[in-house]
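Which chain is which? They are A, B, C and D, in the order written, and residues in each are numbered from 1.
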Amino acid sequence: MSKIILRLKEQPTVPLEAEVLSPDTFADLSNDEIRSKIVYHGKRQRRVDDFFDVEGERSDDLELHGNLHRVRWIGRGMSRGRITVHGSVGMHLGAYMKGGEIEVHGNASDWIGAEMRRGLIRVHGNGGGQIGAGYRGSLKGMRNGTIIVDGSAGLEVGMRMRRGTIVIGGPAKDFTGLQMKGGTIVLLSGAEIRTGAWMIRGTIISLVPLQILPTFSYACQYTPDFLKVYSRQLQQLGITLPCDPADGAYELYSGDASVPGKGEVLVWNSA
Amino acid sequence: MLRITGGKVYDPANGIDGEVRELCVSDGKFVSAVESGRTIDATGMIVFPGGVDVHTHVAGGAINFARAMTPEDHRRTQAFIRSQTRRSGLGGMAPTTFATGYLYAGMGWTTVNEAAVPVLSARHTHEELGDIPIVDKSTLVLMANNEIVLDLLENGEYERAKNIVAWYIWAAKSYGVKAVNPGGVAAWKWGKDAKQLTSSIEGYSKLTPGDIILQLARICDDLGLPHPMHLHCNNLGAPGNISTTLDTLQHLEGHRAHIAHSQYHAYGGDDWDEMRSETAQLAEYFNTHPNITTDAGAVLFGDTVTITADGPWQHLLYKLTGRKWGNLDIENETGCGIVPYTYRPSNLVNAIQWSVGLELLLLIKNPWQVFLSTDHPNGGCFWRYPEIIQLLMCADFRKECLKKLPDKIKQRITLPEIVREYTLYEIATAMSAGPARALGLHQKGNLGVGCDADVVIYEHDDDVARMFGHPRYVIKGGEVVIEEGEIRATPDGREFIIKPHYDPGTEQFLQPLFEDCYTMAFENYPVEMERLENPDIRDCVPNL
Amino acid sequence: MTLTVVNNATCTFCGCVCDDIELHADDVRIVKAKKACVLGTAWFLNHTAERKYPDALIDGKEATLDEAIEVAATYLHEADMPLVYGMSNTTCEAQRECVALADLLGGLLDSHTSL
Amino acid sequence: MGGKVTCTLGEVKNRGDFIIYWGGNPAECHPRHFTKYALMPKSKFLPNGRKDRTVVLVDIRPTKSAKAADIFLQVRPGKDFELITILRAMIKDQKISAEAVAETGVTLEQCTDLVARMKKAKFGCVFFGMGLSMTRGKHMNSAALLTLAAEMNAFTKFVAMPMRGHGNVTGADVVMRWQTGYPFGITFNRGYPRYNPGEFSTVDVLVRGDADAAFIIGADPGATMPQPAIDHLARIPTIVLDPHITHTSKLSRVHITTAVAGISAPGTAYRMDEIPLPLKPALKSPYPTDEEVVRRIKESIAKKPFWMPDGAQMIAAQV
């Protein structure tokens, strides 16, 4: 199947809400139909081709080009196919996603993969806050799936996540894993403060030392078996987790006692 | 002017049961004939008086607290889109004010009674009611935990208490009295509850919940309030509470009363594991005491947010669910709790509650005594009433639903044995004529000449829930507000209030007591008439 | 000069919203605010009923109220993403109008709370 | 998830025997809070007034309010969240190491004592100020304290309340909630309200340059917001309604002078406990009220072409 290629031709002057930029929407549409789909420039209803040149049709493989930092909700709720973005994107990338893959060669803003259920999101640049998180009032954040951000991340990464994996390559800000209920967050370059605050269950793995909250207690040195399995899976995505006892070990902290929760924070301590 | 011709009319207030009649409307009221204006051909259609909700929570501090607590529900619910002339809104468990009006009118309800107003925030409630379009409204003030009233009752000062209740009703620009868990909310302020009708209340030496109930019922009767005391009994929601409920009813012997959401008060068994339905006993009491009315407080499976002045119950529910909890205590008068909740058919307790609500509606024989309600939003949202109508009218559908419940439930409920099916006439009584009469709103729920022209017209549909959920026309005060599923007009509704008589010395007596326990100026406490949009003062004839 | 006395007036300077203030005012200013705290007193006494400012300014130049309303309406109507913000120091009645305005405009609506 | 457990100020006056002020300086910012509501009043349940109450102040420095307190706990700047989280653990008898506690600036003994007193209280009330919600952690700091208060109800009656400043900011919250379902941070761009603080909150919107016109009323962002936000207000058409020529007026295209709420404009305002009170103006203003001007702008806009094409009146599933 050929690709649908959209190139930004006019920079939006206010945020552009474009949840139609999704394989599910475009898969069965002709080029003309894609061009005429509605996007929201602020409150104005405009056509896709007011902002994009559109090549191709009837495909669930989308390629987007341009500085899309004002374009929000790309891949919202998508269940299949692929979106590749050459450029940066705005908020809510892949929010409520149910399947398929998104790859961004650039930065993404807040709420990447918020409340997603399945699928893979990979951002090669920096991410914003609330990655894989639950929106205000929701009891659960992401239910499953994988989010990988090569660069840095903002506040509240993985807030209330229930299952799934988030990997952050660069440093993350405060409240990583806030109220986490399950799943795994891997921090390759650590995080600022309050990591794992109010977590109930789930695992946060950091390869560099972390500032640990007073309501976490040190348990032991420990390299859980599941890490090896995990490490192999992540290897396929190009991420390496050390788990050879010869290289070092993980320090296990458990908490958050304020809940009281049974979450685990594992901090790598190289030999 | 408007004429509705050819429809089969169900008008229980006038004993009309499905006869083809012509209705004529002029100046918002039914008249015997009109000479011009639009004619709606309702041939083959079903014509009802507009629905009347005797017990709902749609405006004020508590529901507004619930709105703040449930943004996740606002996101997933139906949204009303802004038009050039019509405000936007969100439906769901705790709808916004504008959506509340659209949703009620959208299913043919044209009058609603907000059943729990603390006097202290009555000003707020009226502001919200002013933003609920289309429907007419009335309110009840919370009295059974007002410490000034309780102190007077403790000291046997009945006359003083009566005057003060009357003053409070007028200060709040309200329509009647609501008693919630008498004495229990006052006790909750110390983290306690009042479960025994004849034990004295925490903080009082001899006053019991039973005393409060009896005295307040007397006060409502003596003041001649159009609606009797509206009572939320003690021990709500607890297994075995049937004994409290029957005790309460016996205390009331000889007085008028409306028992709110009786579904929550008809349980047997000593604990949650043993809980069972005791609707037969309760229905029997209603069947032999025509002076008492009730609303079902039926439960529907699904998500909702529970919100009640019954703080102790709410804290229990929070502990049971471990989800979110809001609580708001209001000085001298009341408190309220807010807990989002999901009723599940797989949960035995929830399944029993679902059954109990329907059993009461089916076992209480006289539809003039038991009315449709979910105690919105507690048992389910008001916009799901058509689902209850379907359950009442279709025994086969009930059977289907019963199959989804846990097996264990069979010995605990009586619903499977009930074969009764409501007729359209009975539905019209339980959703409109009955509650209107119980509220003393004689111009409502009545298609007779001189009454308010609130009409709902349905196109016959074998799918009962769809038929009642999507009326063909809704007419409010003579104006077509809903037509073919679209909102055509959003006129302002009226607010019914009363001014019961009180002794002119009441304020002088009350002011120092007020200043002791309140934090606002006495003079700023009463809601001014001009704060109400379209007030309508109803008669109140005291029993001397 | 007439002296007005307002009993149980309400002070909106802080969130306490005390409603027991006794205000004494002449035609142009409040001269006494009994029971008010230092902050409340300053708040009441600092305002006057004088015409200290022009009715309106458009691009910094004096204008009439009617002109300003029309220009404001045009700017807001033309915007793709207008913002309605503030609502701290105003009445609920004005706040209700502000929400209605944002609703009519299809705009953003926010108060000081979000800071 | 916790929740929000609160009450009206009269409940505090009548029953509150254990008062905590956290991150606020009521003596200077809410001067009558002590005398009218929380510390001094005598009541049926607290006949000796102040003597029947215990008062705790938690702040990063001893302000004037500390003099009014029985106990002052000096928390290290930016450690409020940690301290509250420790207290949440301690009320559930979870062990926390003394060194970990000490990092907050408060000792384990002080915390143990505080927890014991909180549990012994008949009616506890914690008021929190801007010092808490404006520092690192922001809304999570307030959420922590609200959760602590809610959880305390497993032991005794306990409530929490924000010490709202700025006149009627509470009213704005209340009104927005009943009309839109949400308290702030709202957009109507799809024809119905949607909510997402951070996305639709003003500072973020302006710093990102999202809005292309601004209507400012009863606030002076030109004096209080970060410079990039102010710069954007100056770039776009900004309209200001205010009784004075403000910083924002000076960078705006349109300024309209209005009457002052409660001084020369009547209406309603909400107290921090969401109790509405009538405003009784003592002066007559030569200027129109905010209400009147906003209504007139609205009416003028309503005469212009409506922005949204005809479509469904109601949608079952939102964006």
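Heads up, the rule we're going with is that a contact is a pair of C-beta atoms (placed from the backbone, for glycine too) under 8 Å apart; a residue touches a chain by one contact, two chains touch by 3 or more.
The structure presented is a predicted model; accordingly, all values stated were derived computationally and were not measured.
Asks: Of all the chains shown, whose C-alpha centre falls nearest the centre of every protein C-alpha atom combined?
Replies: Per-chain C-alpha centroids compared to the overall one single out D.
Asks: Taking each chain's centre as the mean of its CA atoms, how far is chain A from chain B in angstrom?
Replies: Result: the chain centres lie 46 Å from each other.
Asks: Between chain B and chain C, what is the separation of their C-alpha centroids in Å?
Replies: 39
Asks: Please tell me the distance, in whole Å, between the geometric centres of chain B and chain D computed from their C-alpha atoms.
Replies: Those two chain centres are 33 Å apart.
Asks: Between chain C and chain D, what is the separation of their C-alpha centroids in Å?
Replies: About 19 Å, centre to centre.
Asks: For chain A, what residues touch not just one other chain but two or more?
Replies: 13-15, 42-44, 135-136, 139
Asks: Out of chain D, which residues touch more than one other chain, so two or more?
Replies: 1, 36-37, 174-175, 179-180, 183, 188-191, 193, 195, 197, 210-212, 268, 270, 276-278, 302, 307-308
Asks: Listing for chain B: what residues touch at least two other chains?
Replies: 69, 71, 75, 82, 87-88, 127, 131, 323, 520, 524
Asks: If each chain is a dot and touching chains are joined, what shape do you get: line, ring, star, complete or other?
Replies: Graph shape here is complete: every pair of chains touches.
Asks: Name, in rising order, each residue of chain B that touches chain C in their complex.
Replies: Residues in contact with chain C: 82, 87-88, 127, 131, 520-521, 523-524.
Asks: Can you list the chain A residues touching chain B in their complex?
Replies: Touch list, chain A to chain B: 135-139.
Asks: Give the list of chain D residues in touch with chain B in this complex.
Replies: Within the complex, chain D contacts chain B at residues 1-11, 13-15, 36-37, 43-44, 122-123, 150, 153-154, 156-157, 159, 174-175, 177-183, 188, 191-195, 268, 270, 274-278, 302, 306, 308, 311-318.
Asks: Provide the residue numbers of chain B that touch chain D in the complex, in ascending order.
Replies: 59, 61, 64-65, 67-69, 71, 74-84, 87-90, 92, 94-98, 102, 120-121, 123-124, 127-128, 131, 147, 189-191, 315, 318-319, 322-332, 335, 338, 486-487, 516-520, 524, 528
Asks: Under the definition above, what is the set of chain C residues touching chain A in their complex?
Replies: Listed in rising order, the residues of chain C that touch chain A are 79-81, 105-107.
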